[in-house]
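We call the chains A, B, C and D, going by the order they appear; numbering starts again at 1 in every chain.
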Amino acid sequence: MTLILSLVVGTLFAGGIYLMLRRSVVKLILGLVLLSHGANLLLFLMGDGLIKARPPFVKPEAGVAPPDSADPLIQALILTAIVISFGLLTFVMALAYRADQAVESDDLDAMTSTDRL
Amino acid sequence: MAHHLFLPLIVPLLSASVATIIVRQHGWVRVIAVAATLFNLGYGAWLLVTIAATGRQVTQAAGWSAPFGITLVADGLSAIMLVLTALLTLVTIGYSFATVDARQERFYYYPLLLLLLFGCSGAFLTGDLFNLYVWFEILLVASFGLITLGGSRGQLEGGLKYVVLNLFGSICFLVGAGLLYGVAGTLNMAHLAERLSTIQDASLVTAVAGFFLVAFGSKAGLAPLFFWLPTSYHTPNIAVTALFGGLLTKVGIYALYRVFGTVFQSELARLAPLILVVAGVTMVVGVIGAMAQVNVRRILAFHIVSQVGYMAMGLGLVSVAGMTAGILFMAHNIVVKTALFLIGGAAEHLTGTGELKQMGGMARREPMLALLWLLASFALVGVPPLTGFFGKLGLIQAGLAQEQWLIVGVAATVSLFTLFSMLKIWNEVFWKKAYSDLSAMPRAGVGLLAPAAVLVAVSIAMGIGAAPTLEYSALAAEQVFDTASLVRDVCGPNGCEAVELAVGH
Amino acid sequence: MLLTSVLVTFAAAPLGLLARYLPRPPIGWILALLPLAAFAAFAAQAPAIIAGERMSQAIPWVAAMGIELRFSLDGLSLLFTLLVSGIGTLIFIYTAYYLAGDPGMGRFYVYLTVFMGSMLGLVLADNVLTLFIFWELTSVSSYLLVGYKHDYADARRGAQMGLLVTVGGGLALLVGLVLLSTAAGSYTISEIIAAGEQLRASSLYTPALLLIFLGCFTKSAQFPFHFWLPNAMQAPTPASAYLHSATMVKAGVYLLARLHPALSETPLWIYTLTSVGAITMLIGAVVANRRDDIKGLLAYSTISKLGTMVLLAGMGGPEAPAALVATILAHALYKGALFMLAGAVDHEAGTRSLSQLGGLRRLMPWTAALAILSSLSMAGVPILFGFVAKEEQLYAAVDNGLPAGLDIVVLIAVVTSAVFGVLYAWRLVSGVFFGPLGSGMKAHVHEAPAGMLVGPAVLTTLSVILPLGLLPATAALLQPAVNAIADDGVKISLYLIPSELSLPLILSMTALLIGAVLTRFEPQIAAAPSPLPLWFNGDRIYDAAINGMLQGATSFTRTLQNGKLRSYMTWAVLALVAVVMPPLVLFGFNGLVLPNLAGVGPFELVSALLIPVGVLATLRARSRLGAIIASSIVGAMIAFLFVIYSAPDLALTQLLIETLATVFLMLLFAVLPVGFERLTSDSERARDGLIAGLAGLMMAGVAFAAASNMQFASISQAFRAESRSQGFGDNVVNVILVDFRGFDTMGEIVVLFIALLGIYAMLRLRPSVEPTRDDEEAPTPPASLDGATPPEHGQQEQQETASEPWLKA
Amino acid sequence: MYDSIILRTVARLMLPILLLLSLFMLVRGHNLPGGGFIGGLLAASAFILQIIAYGPVHVRRIIPVNFLGLAAVGVIFAAVWGLIGLVTGQAYMLAFWLKEPIPGIGKLGTPVLFDIGVYLTVIGVTTQLALVLAEEPILYPLRRRPVSADRVAPEA
């Protein structure tokens, strides 16, 4: 499954990058969304293996979470990453929206005035 | 345990939050901003001294023993960056009083500045890789807010590219951190350094290091990842440009120094030729870009790129001497670049345009401004005995010592072209006859001149006091490379593997 | 005293600004006390130096880099310090008269003083880096002096050209000096010189020497870098007289002389200096005869003499060092005087053009007398000091240390330049002072103020009286300088009337004779076609280079920084691939085994496979709405995977965030336009697809490699074990989030908070003038922008706009 | 988009349920799935549902909370509890716990309070964002390039 999920990560990155190479602002945003999905899923693969049905909770009887439960640290990291990328992506959305409004076009190639020589 | 390391983070954070709530009371917001920044400046200065006297300062967030909790570590490099960041922010705030309009103040200009200070300070203090990612995001999103504040078309267009390319860099960082956690099972930099040094077949680690190279390189503005910089830096407030120009790319360089100097030491040796090539290309491409521009801030923006190349060269030489020179160069550049943006910006502010063609006559009209510019631009170019010279000389000496003739040649040549485009600004803005009648132009008041004057004075002081500055840079560079003592300071004498999770005091 | 003299000069520089407040000509005399004091101080050291002593002084500065403020005074330094401070005194006086009506005179004095301090530091320095620092400072201060009249484009161009050329050479010099010091193991010049043997054997010798040559040649206006000097004549005349004849341009010669004992007598040294010096000497001499501008004429004659000096430094032989110092002194005397006189003529007659001048002998008799005498010295006419120096040159040329063949060539060159020297001296004198009154002069030309003649008078007098009885004293003064250049018992003996009829004397007289004859053909020579090909014109090459560079830079930057985000993204992705792919492909898959798929259940397989489907659907969506929905499927499937793989918190967060993000995206973007246009060509799509595919493949590879290459136990085990006992919570993830790594979480909420501030400001703070779109009504942003309460009319609009298509569906 | 009766009804019903659920998630988060983030996001969803159903103007009126200020307060709330450690000469954010668990809630300590700060910040940020975005077409009505109906139609 690691292999399959690695390939899935690859498609997320490929799709995200392809979308970011397009000219539409919406595709750009969706590309970023896919990239951050890809990054999160990749992080998920970096935990202590893919473990089914053993979430990292403390077993009342043992007083500890089972050593073979899913990796709690990577989950915490991903959670942080998800929330951060939510904030950043929202910012990008608003910015793209405003740029689209100011330029009157959702074509990124129309947004070149600051580099014009 | 040096719990005081939290202070330069908490103070700006709480100040910013409070300032957000009372944002309509401009006077108070300004007072808060200045007070918090002054605190950080004073703290940074104290930390500089303390570290020189007693070495690294370490503390653990929430008291959890490293490598389990989040470690804050301050060494010489952190202290230098911390104090310069606070200085720049303070100067920028002062400049903003004279230049930023009230509407922007209402829309959280000062809180955003403080949050940027918060993010940068955190990035300089953390000893945890993932935590560094968080700090990067904080400073990035604060910079996003500042660069688009005002909402002009240029800001939005440039800002979009700035944001997207930096986000790509962030994603690389996140991926790199994740991969590294997968490979090494930890996030604490000291622990990572300890573990990675034992890996025999490090090729996968080299690939992982590549992600960090791209992530930090894109934040630093190395070729070919710098495009976000020239496209956006000339669009926001002059004060914001100045702060960003001095500071933000150097956070990327700081991270390169820190992570490659400490965590990826063996990878650094492997990647050194690549880093040198990138450094050389960055210098050249940046200076070519600067030559092509005809706008004050756009020229300066491309120069940032070019000079980041020098700092990368300091890393690519993989020696204490190289990094010492790199740190010296960076410290110099942070101060001087901001000064140049402030001075050029003042001319732009007064003239009403930054287009070289439509400027002129400033040398006669504002001789003080001209003098400041002359000093700062010669410092940037590396005319002795101003600061830039020592950084450049150090890099040349370190490069020659390692027989890296090519990069030394490029570095020397590029500084000639740097001079050329600085002269272009000088000729067009200051020496040339005024393009239009300047008699109605407002005079440069203290509010415009003093911030730049402070920085120029600092630069001159750093030049005259080059010996102690250099000594401190050398101390900082040694500390960056000295992983053994880092592990000892962070995890104790037995190394990080031996530590058990507990609340340490 | 050495350090003091330099530092005091710098510290006194702001005094020049007094010229703004004090009466004009007298201020020059007051300010001249500074260089005069320096002159006196150095002159006072002369007896000791002549006696063979050597003064030294050092204070550390940046020891770690080898920079030490180490100064030492020996014969060579003494000669130069006396020239710098002595001529400086005269120039300071002269300036007050020359610029009497100029409001910027104070500034000019500041620059002059800074320059003088730099020059003193340069010739006193006994540390190569200190020397370099002052070297650069002379370039910078001369930049300010040349560009003094910066309202004129030519002045700016001349200043910039000089600075670029000299700083460019300076950079080479810096690298060369560092290399030299590396080879010698010391940055102290005297120690470097002591290590001469070792240096010449070092592998660094050749590169170091070539780089140092580059520095010296640019500074001393040697071919092919000579072109900046005539352009530097845009400087006010006092600066030209000071910098461009007497002092700064000799800095390169000084450094060559200084390093002569250590580095000379290798083929590289001899051939380079001889050829460059000889060519410069000849070109300067020839072109000086073709210049109409008298300052231009003097500039080229200076170039010629600088070439002579370099030639002397390179040729070797017993007489060359003596000839070199004699030439330095003689040239400073007559050329300083001539420049000042040219300034006086310009000042009074209002022009510097030979074709517009003439007959001034009657109107400016004193000027004429001094100029004639100094010109005779320049021409090498007997009984003037120029003659003495020329004799020395010819002696050196006759008795040079060059291999057979070359020695004759050099001798002929020296004689030829002597011939041309006669010619341009004659041109100058006859053109300005003789013949009919010039056509282009001001009306009522009269003698220059006495203050402007003080300097030339002193210098000319020296040219005259030194040979008349003071030669032994001069020789005594110059002897230590010669010793510094060639430390092998070379004796300098200056004489006016040789004891016997020698070859040099014959050659000298012949040159005078030929020169005198040639004066009859002066107009033809001036009008003759250029001896150099037309394209070979430093000015033109410089301009072409600058323009070419600018154009090249512009088109390069236009291509690279083209404003297109997708092009920037392409670079970023390619950079990532270039850095990560090679190590991964070459080494990353060592010992990996393909995993078995036995444990893969249907749920995870389906949700995993739905992700690529969702990605593909997003790519292929024809509308915004479709793309947004397709991408949210991806998010949902990832959440589902989180559920399957024991991450309930993640799954919940992911689902909630995904929903919110989709809502936000729809609020902003789902509205219009609905369809995607096809904006890129097929080939672009194919290329982007290839790049994206490559990057995706790499990410898959690196993820898999890392996931199957975990070499260390994760620290997370400790969290599982201690979550309850130390974190008092059973949800380990949450305990990590709020306690173990709560600091991260704090950063994370701050990110959200800042993002809110930024978005809020971006949406609500708009430029007061938003570019209007169509012909529709201009936007009317409500008065209260920060939106705590939207305006009342919003409510009506809300009703009107209540039918967005995306929720209608 | 604000005139769907079903949506409004659902939204009205969901508001208390979601808010309660969010509190529940917040409180239980230390031991079961949940926590400040998830709780905050749930609460924000409740408000956002109102915004979608009734429009931002209405929501501003019935919930007169300055969410941006709430977010700032949340950040301060989360940050100040850490100071206890600092003023007692220990590490920032060092956890302090009440000895006895509070019935129905569990052990109470500064990490829980921190989580409440997270909760408040997330509610503030998310809701304010939704409000600002939803108000966008009201404040700046679309004045776009003309759109032809046929381009809209296929997607509807």
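Just a few scattered comments:
As a working rule, contacts are C-beta pairs under 8 Å (C-beta built on N, C-alpha and C of every residue); 3 or more make two chains touch, one makes a residue touch a chain.
Note that the structure is a prediction, hence the values are computed from the model and not measured.
Chain pairs A-B and A-D differ in how many C-beta pairs they share in contact, with the greater number at A-B. Centroids of subunit A and subunit B (each the mean of its C-alpha atoms) stand 27 Å apart. Centres computed as Cα averages put subunit A at a distance of 21 Å from subunit D. Look at where the CA atoms of subunit B average out and do the same for subunit C: the two points lie 25 Å apart. Taking the mean of the C-alpha atoms as each chain's centre, subunit B and subunit D sit 35 Å apart. Residues of subunit D in contact with at least two other chains: 31-33, 37, 68, 72, 75, 79, 82, 93, 95, 125, 129, 133, 136, 140, 144-145. Looking at subunit A, residues 20, 25, 28, 42, 45-47, 55, 57-58, 73-74, 77, 79-80, 83-84, 87-88, 90-91, 94-98, 102, 104, 108, 111-115, 117 sit in touch with two or more other chains. Counting partner chains per residue, subunit B shows two or more touched chains at residues 13, 17, 20, 61-62, 130, 134, 137, 141, 144-145, 148, 151-153, 160-161, 164, 168, 175, 179, 181-182, 230-231, 292-293, 503. Viewed as a contact network, the protein chains are fully connected, with every chain touching every other. The touching residues of subunit A, when paired with subunit C in their complex, are 1-30, 33-34, 37-38, 40-42, 44-48, 50-58, 60, 63-67, 69-80, 82-84, 86-91, 93-98, 102, 104, 106-109, 111-117. Chain contact summary for the complex, subunit B toward subunit A: residues 130, 134, 137, 140-141, 144-145, 148, 151-154, 156-161, 163-164, 167-168, 170-171, 174-175, 177-179, 181-182, 230-232, 234-235, 292-294. Against subunit B, in their complex, subunit A makes its touches with residues 20, 25, 28, 32, 35-36, 39, 42-43, 45-47, 73-74, 77, 80-81, 84, 87-88, 91-92, 95-96, 98-99, 102-103, 108, 111-115, 117. Within the complex formed with subunit B, the subunit D residues making contact are 68-69, 72-73, 75-76, 79-80, 82-83, 85-86, 89-95.
Only residues 55, 57-58, 79, 83, 87, 90, 94, 97, 101, 104 of subunit A touch subunit D when the two sit together in their complex.
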